[in-house]
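So, here come the structures, one by one.
Next, two complexes with subunit A in common: one pairs it with subunit B, the other with subunit C.
Entry: the complex of A and B
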């Protein structure tokens, strides 16, 4: 099975995010970037499928943030090919543009299966995977927690999660796009010596994005930083006083009678 | 994933024998002193002796897949006592762990996170590099950030991950800044640019990560004009003293106990206030057992009026490890899950049995490890855990109330 994996760079929340002077966007110049967590799971799932049944894994990313490092790490983990999409006009302003650019790079691969994280923490709506499916004219199933090859060729069995942790096994005919929430096992650790070796030996092919920027269908009017919550109340006094105060609080909140 | 070839075991030991880490492991005569001296040996499915036995027989697979592989806390007891001079701690264990990871065997999850933190952020705690200077907030002495204002200094102080970020250790960092200033030494730090020297990563077999850190730190250090590096962390001392030169990166370095002991005469008139305490000192493994440096920390403690120094039954080269080295800081759960004990719990009992009311330490890991252990063992009321720096600062009237 030949698999393409779409991976995205997202702002690292280790640094406090700042609003850009325009007031309608995050200041990405001040941010550092990491691999989107569910895309990391998509990569892991692809590697597991390859290990179980052979084939190839091609990882595709838009050029932003720390993307080279992400791609070489993927190679160190076992990805066979790396594609970086360069963009003259910077990062896409909408998931539709991003989807169009990924589609340009992924379509020629003729992959049996395209895996992508079901959402990203800078795009919780999870709009990219269905837009990508539409741009490629392929079926899409999202919120997937595990994938295995079906007994017949040309299909996979996926585990799809529904609200209330209800799980369904779904047979999906290939080719298809799957939005991965979690792989069958946590993303693997790869020693840094392997990543360093991949940086020297792995081939990173670059292609130029042709799809023009499309304005988002919705626009941000204003971004507001979260208001600091009320500070915790520190209880002081003797053990008996503190215990009485805790009992009062629990009772006032209706937690004990 | 790579498979483990049976012949790899002997080859690995041969390669190790050809390196300059102690005597060749293939010279092992299976006496078992390593297994008997290892504080976690009884809990290990494969103690050090058997690791060598299996590997030498070409049977590497059970060695690399054993949970025992991730139980060494780098206390150097086996290396110290091996009659054949085999360097198990710095040679054998890291090489086997590296081989396991290269073969696709996953290290415990807690360690994966620690490695990622060091690679991404340059510190083990996974904190923002921009917050590295948070410990200086409210400090009453000037801290020179050499990464912003380069200038020649006597001492380039590597503050370290825990003293930079962890509130309990920040108290110690501030006290050390005051002591350095009081001594009239010219000193500076690398501020937000400082990165972990990477000792625990190397001891844990993450050689590639360690190499990356050596490169990054070299670039940082070579931009600065300093007399010597001074570190609070004994692990950082060991890395800079012994592992960095293997990459051609040689820097004069001292653990702070060595540095301050060289300044005993300057310190003496500054030590004014008595600290009434019965103190026992815990020899950390890197500066103590590995480097044989036992007197400087005791000389510093004896300088303080009021301090009565007592020894634990196990001291100096027989000191019991706190369990935090070689990645052990993050592996308590793994070690306990596989039948081991938290060595810090046993160590605080030994400290209390010595009659001491204060356990003095000189390693950033030990403050939290021993304070936690004192709580768990019910000794919290009887035994205070304090860094030597805190005791000195109190006597120099430079201290602040410890947060705990």
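Entry: the complex of A and C
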């Protein structure tokens, strides 16, 4: 099975987000970027499918942030080919534009399966995987936790997650696009030495995005941090002091028996 | 039907109407109260009559009782919704941010080239435009948006609106599609229920929930010790389950369990909206996180800005000392 994996860079939420002077976006220059978490799972799922049944894994990313490092890390994990989509203009202002640009790069691969993380926390007016499916004219199902090849060729069996730890088992005829929430196994770790080796040995292809920038259909008027509805009463002090205070609170409420 | 109408996609799993449907109805009713228009609720693949009394906030129940819609598949759902929306051109279609909503809302928006907003928590009329507030960047930002096109596809964060429980008698409209639906590439096969034998976290009065702050699998036992001292159980946010450190049956949140314990410790959990959805009914929430701006402190009763790995041993010891 030949698999394409689409990966995105997103601001790291561990770092504080700053609002840009325009007041309608975060200051991307002040943010640090990481691989979108569910895209990391999509890559892992692709590698697991390749290890189980052969084939190739091609990883595709728009040029932004520290994307070269992300792509070489994918190669160090086992990806066979890397494609970086360069953009002459700014990064896409809408997931529709991003989907059109990814479609240009992914379509010629003729992949049996395209895996993308189901969501990214910086997407407001769209979701890349279903938009990509629409742009490529392929069927789509998302919120997937686990994929395996079906016994017949040209299909996969996926688990679609529902509340209450309930899964729907779904059969998907290929080619198709899946929105991955979680892989069958946690994303693998690769040491820095292997990433450095991949930087020397892996071939990174570049293509240029042609799809024009689409104006978003939704305008952000203002971006604000949420006002706390009822902020917690903060307990201060050393670990021992806070622990003693919590124990007192629980004891007073009859929760220590 | 009018250009001010608002439609809602009902979600019914088994015989149960998902609570998010009533929240969507409340949002829709709030919007049309300012502008006029009717609220319609769309039921796919069943007769809808069994739930009509629950959906009294709707003016009409639009039923597509097609056998191809009796089990969920994105292609058939989108075909049915696309045809209905193209015919009626309502002002907005409200869909829950659920497992089905995350498929259907963007696919319908793409099909109709319609505006889409994800994570909506407030929806208002803005003198002709829709004014929508949406949770963004994992709940760390709110985006106040203006939406001009119609129909606007609005994916609503569950728990954002008080469910509409008003009695009423909506009119049921049975609709058929212009072209028969064909089976697509995606076919539901069966439900897989959680394996029996693990702890049922919905039945515990005390839950010690751990998130990314637990850092590694070996540290889970620190939380186990606290849970044991309190007679409770350990549960987790999604990253911990994704790492395979706890089974999916222990996950709290949108895609996991909804819990209402007497005491909920949120340890090293940032508190994304998806997690809050599963635990906001707890009587007492104590949150510990190194990030003072973590959204979990907005829903907790008590908080501490500490590393949980430092606090956990001291806390277990303090609880055990209280027990004597």
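Keep this in mind: the second predicted complex is superposed on the first by the 222 of 257 C-alpha atoms of A that agree within 3 Å, B and C clash if a C-alpha of one lies under 4 Å from a C-alpha of the other, contacts with A are read in each partner's own complex, and residues count from 1 in each chain.
The rule is short, and it goes like this: a residue touches a chain if its C-beta (ideal position, glycine included) is under 8 Å from a C-beta of that chain, and two chains touch if they have at least 3 such contacts.
Model, not experiment: these values are computed from the prediction.
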item	value
Touched partner set for A:210, first subunit B, second subunit C, both or neither	neither
Partner chain in contact with A:51 - subunit B first, subunit C second, else both or neither	first
Contacts of A:179 with subunit B and subunit C, given as first, second, both or neither	second
Contacts of A:166 with subunit B and subunit C, given as first, second, both or neither	second
First (subunit B), second (subunit C), both or neither touched by A:252	neither
Contacts of A:22 with subunit B and subunit C, given as first, second, both or neither	neither
Contacts of A:193 with subunit B and subunit C, given as first, second, both or neither	first
Which superposed partner A:34 touches (first subunit B, second subunit C, both, neither)	first
Partner with the higher number of touched subunit A residues, subunit C or subunit B	C
On subunit A, positions contacted by subunit B and by subunit C	14, 186
Contact footprint of subunit B on subunit A as seen in their complex	12, 14-15, 34, 51, 78, 186, 188-189, 191-196
Contact set on subunit C toward subunit A in their complex	13, 72-75, 98-99, 102-103, 105-107, 109-111, 114-119, 131-132, 134-149, 184-194, 206, 230-231, 238-239, 241-244, 248-249, 251, 254-258, 262-263, 270, 284-287, 291-293, 295, 297-306, 310-311, 314-315, 317-319, 321-323
For the subunit B and subunit A complex, residues of the former touching the latter	1, 98, 101-102, 104, 106-107, 109, 112, 115, 119-121, 126-128, 130, 206-209, 211-212
In the complex, subunit A residues that touch subunit C	11, 13-14, 16-17, 19, 26, 37, 41, 96, 118-119, 121-127, 129-131, 133-135, 139-143, 145, 157, 159-174, 176, 179, 181-182, 185-186, 217-226, 228-236, 239-240, 242-244, 246-247, 249-251, 253, 255-257
